[in-house]
Amino acid sequence: MTHFDAKALARGPARWSHPMQARFQDIDAAGIVFYPRFFEYFHDAYVAFLDGRGCELHRAIAERRWAAPLKHVEADYLRPLRFGDRFAVGLVGVVITGSDVDVGYQVARPDGEVVAVGRTVHVWVDAQRFRRLAALPEDVRAALDPLVVSERGAPT
Amino acid sequence: MTHFDAKALARGPARWSHPMQARFQDIDAAGIVFYPRFFEYFHDAYVAFLDGRGCELHRAIAERRWAAPLKHVEADYLRPLRFGDRFAVGLVGVVITGSDVDVGYQVARPDGEVVAVGRTVHVWVDAQRFRRLAALPEDVRAALDPLVVSERGAPT
Amino acid sequence: MTHFDAKALARGPARWSHPMQARFQDIDAAGIVFYPRFFEYFHDAYVAFLDGRGCELHRAIAERRWAAPLKHVEADYLRPLRFGDRFAVGLVGVVITGSDVDVGYQVARPDGEVVAVGRTVHVWVDAQRFRRLAALPEDVRAALDPLVVSERGAPT
Amino acid sequence: MTHFDAKALARGPARWSHPMQARFQDIDAAGIVFYPRFFEYFHDAYVAFLDGRGCELHRAIAERRWAAPLKHVEADYLRPLRFGDRFAVGLVGVVITGSDVDVGYQVARPDGEVVAVGRTVHVWVDAQRFRRLAALPEDVRAALDPLVVSERGAPT
């Protein structure tokens, strides 16, 4: 699975892209976007993608159908972002392994310069006891379809 | 009810005090603590006070006994705080009106300089439907005891 | 100055409006938007308004021209917001008094239901020493023009 | 460099430990600590460690001596944290490579159960232009001393 190493993510291309702007309150005492905010940007983009595909996380949670907590995340930072900087969070692809979904991200300025890349590996669980589901819910799988670069059943 | 105007809050004294320090990520693009963070500091102090009195908000929520959302808040800012600045959030007092609790705060540096004051007016509600309780739960009323400066039944 | 009491703000109307959506991470342990996040929404709307009028806060700060810290803020909460809820932050008007700018806000759902109102009183200062300017910078005054409901010189 | 894979971090032990508690506002719409908050916890612990060793990040930034932005971060999540949960962020060790510092973290409950592990790789830069320093400032190197598990010059 070499798709989601940092170099591959930096090359992209993104299959879907979410334009954003660094907020006044995202800045830290060193004058740049505080590094965990990039994971908030990743999450906002992931939620917006699912919403746009008719698979709304807020509805899934309100109806206690499922949740998708993280098992692993990582990010590489290439350039700082500052207040007011415009950028897009691109979804480069997803790798599905049973009920695990590994999402690859690329953060780029409007001129294409990549400022950060990252991955978030979600596990689909029931919303009550947070127990792993045997497979992705069908509507989630369908929503992710345009992003899937690789797919396997659950690890044995 | 003149206790909780800004001038009275600035005079204090605080009846209970919670030492804190401005975090790296509390700073905004102008280089000072982002103003809504003071409400986070107020809330942290209020939670810590209740915890110390054996009335834990996290337990009340987990057991779905009650919640205490806000109906009104305000703050006056006298001096900026910067990264690493030490300060204490003082609880100046509470005014109870039925199931409303009006909490007064004073934020002061170790040398006593007041940098901000504020109020938060909470309404005690049931945790399921967020409907106002007729009166404060007994354990909450007992926990608040050292802070009470005025108390009345519900407005009629 | 009765324009910006809570009832007047709830009546509105907003002169300018910024559509937003409650984020996953804006929710607190009680399951609703954490109350200080409303001030973040206010600030995002205020920044977006100024940006749209060609008066970019990030540029003013980067060029060390001015900053606009808060001297007073307040909010009244009428209904909770939950994850995924759509709303608009409306700017109801501004009152200018010398270099103080009092901004009135109304947060409403798409069906018009008002969920919160608030005020933020900014002071325009130089960006280096945070000393009050004698008057608003001309470009700021021009940018605010569509919102001005009252204007006076500095208090004497 | 096998010290900082997730399994080694989970085994620990921590060389220094920072007790914390999950805040009301750290919770997300799924009812658990929002995953990027763990990086805030890591950062708080790292700042507290340096402070305790007489190497205060806020002073370094105020004096424009250096900054330490991130080049890479990652985390593995083993168990969720909920509002009010107590935990400690342990620093398991640092690996120094020139002006890069790779910090390993372990988040554990009071009973020792590990709930998350992570790494943050900082680059020491000058505070003005964010250019990499040839080596760590002496006071930083001295402060980190109790944590160092491996050390090399800059990569060639």
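For clarity, chains are labelled A, B, C and D in written order, and residue numbers in each chain start from 1.
The rule is simple: a residue touches a chain if its C-beta (ideal position, glycine included) is under 8 Å from a C-beta of that chain, and two chains touch if they have at least 3 such contacts.
Note that the structure is a prediction, hence the values are computed from the model and not measured.
Comparing contact pairs by residue number, the interface of A-C is reproduced by B-D among C-D, B-D or A-D, since over half of the pairs coincide.
Contact tally for A-B versus B-C: the pair with more C-beta pairs in contact is B-C.
Taking the CA centroid of chain C as reference, the farthest chain centroid is that of D.
Centre-to-centre separation of chain A and chain B, using mean CA positions: 36 Å.
Per-chain CA centroids place chain B at a distance of 23 Å from chain C. Chain contacts: chain A has residues 24-25, 29-30, 36, 40, 43, 57-58, 61, 82-84 touching two or more partner chains. Within the complex formed with chain B, the residues of chain C that make contact are 6, 29-30, 32, 35-37, 39-40, 43, 57-58, 61, 67, 69-77, 80, 120, 127, 130. Partner chain B is touched in their complex by these residues of chain A: 24-25, 27-31, 34, 36, 82-84.
The touching residues of chain C, when paired with chain A in their complex, are 23-25, 40, 43-44, 47, 56-59, 61-62, 82-85.
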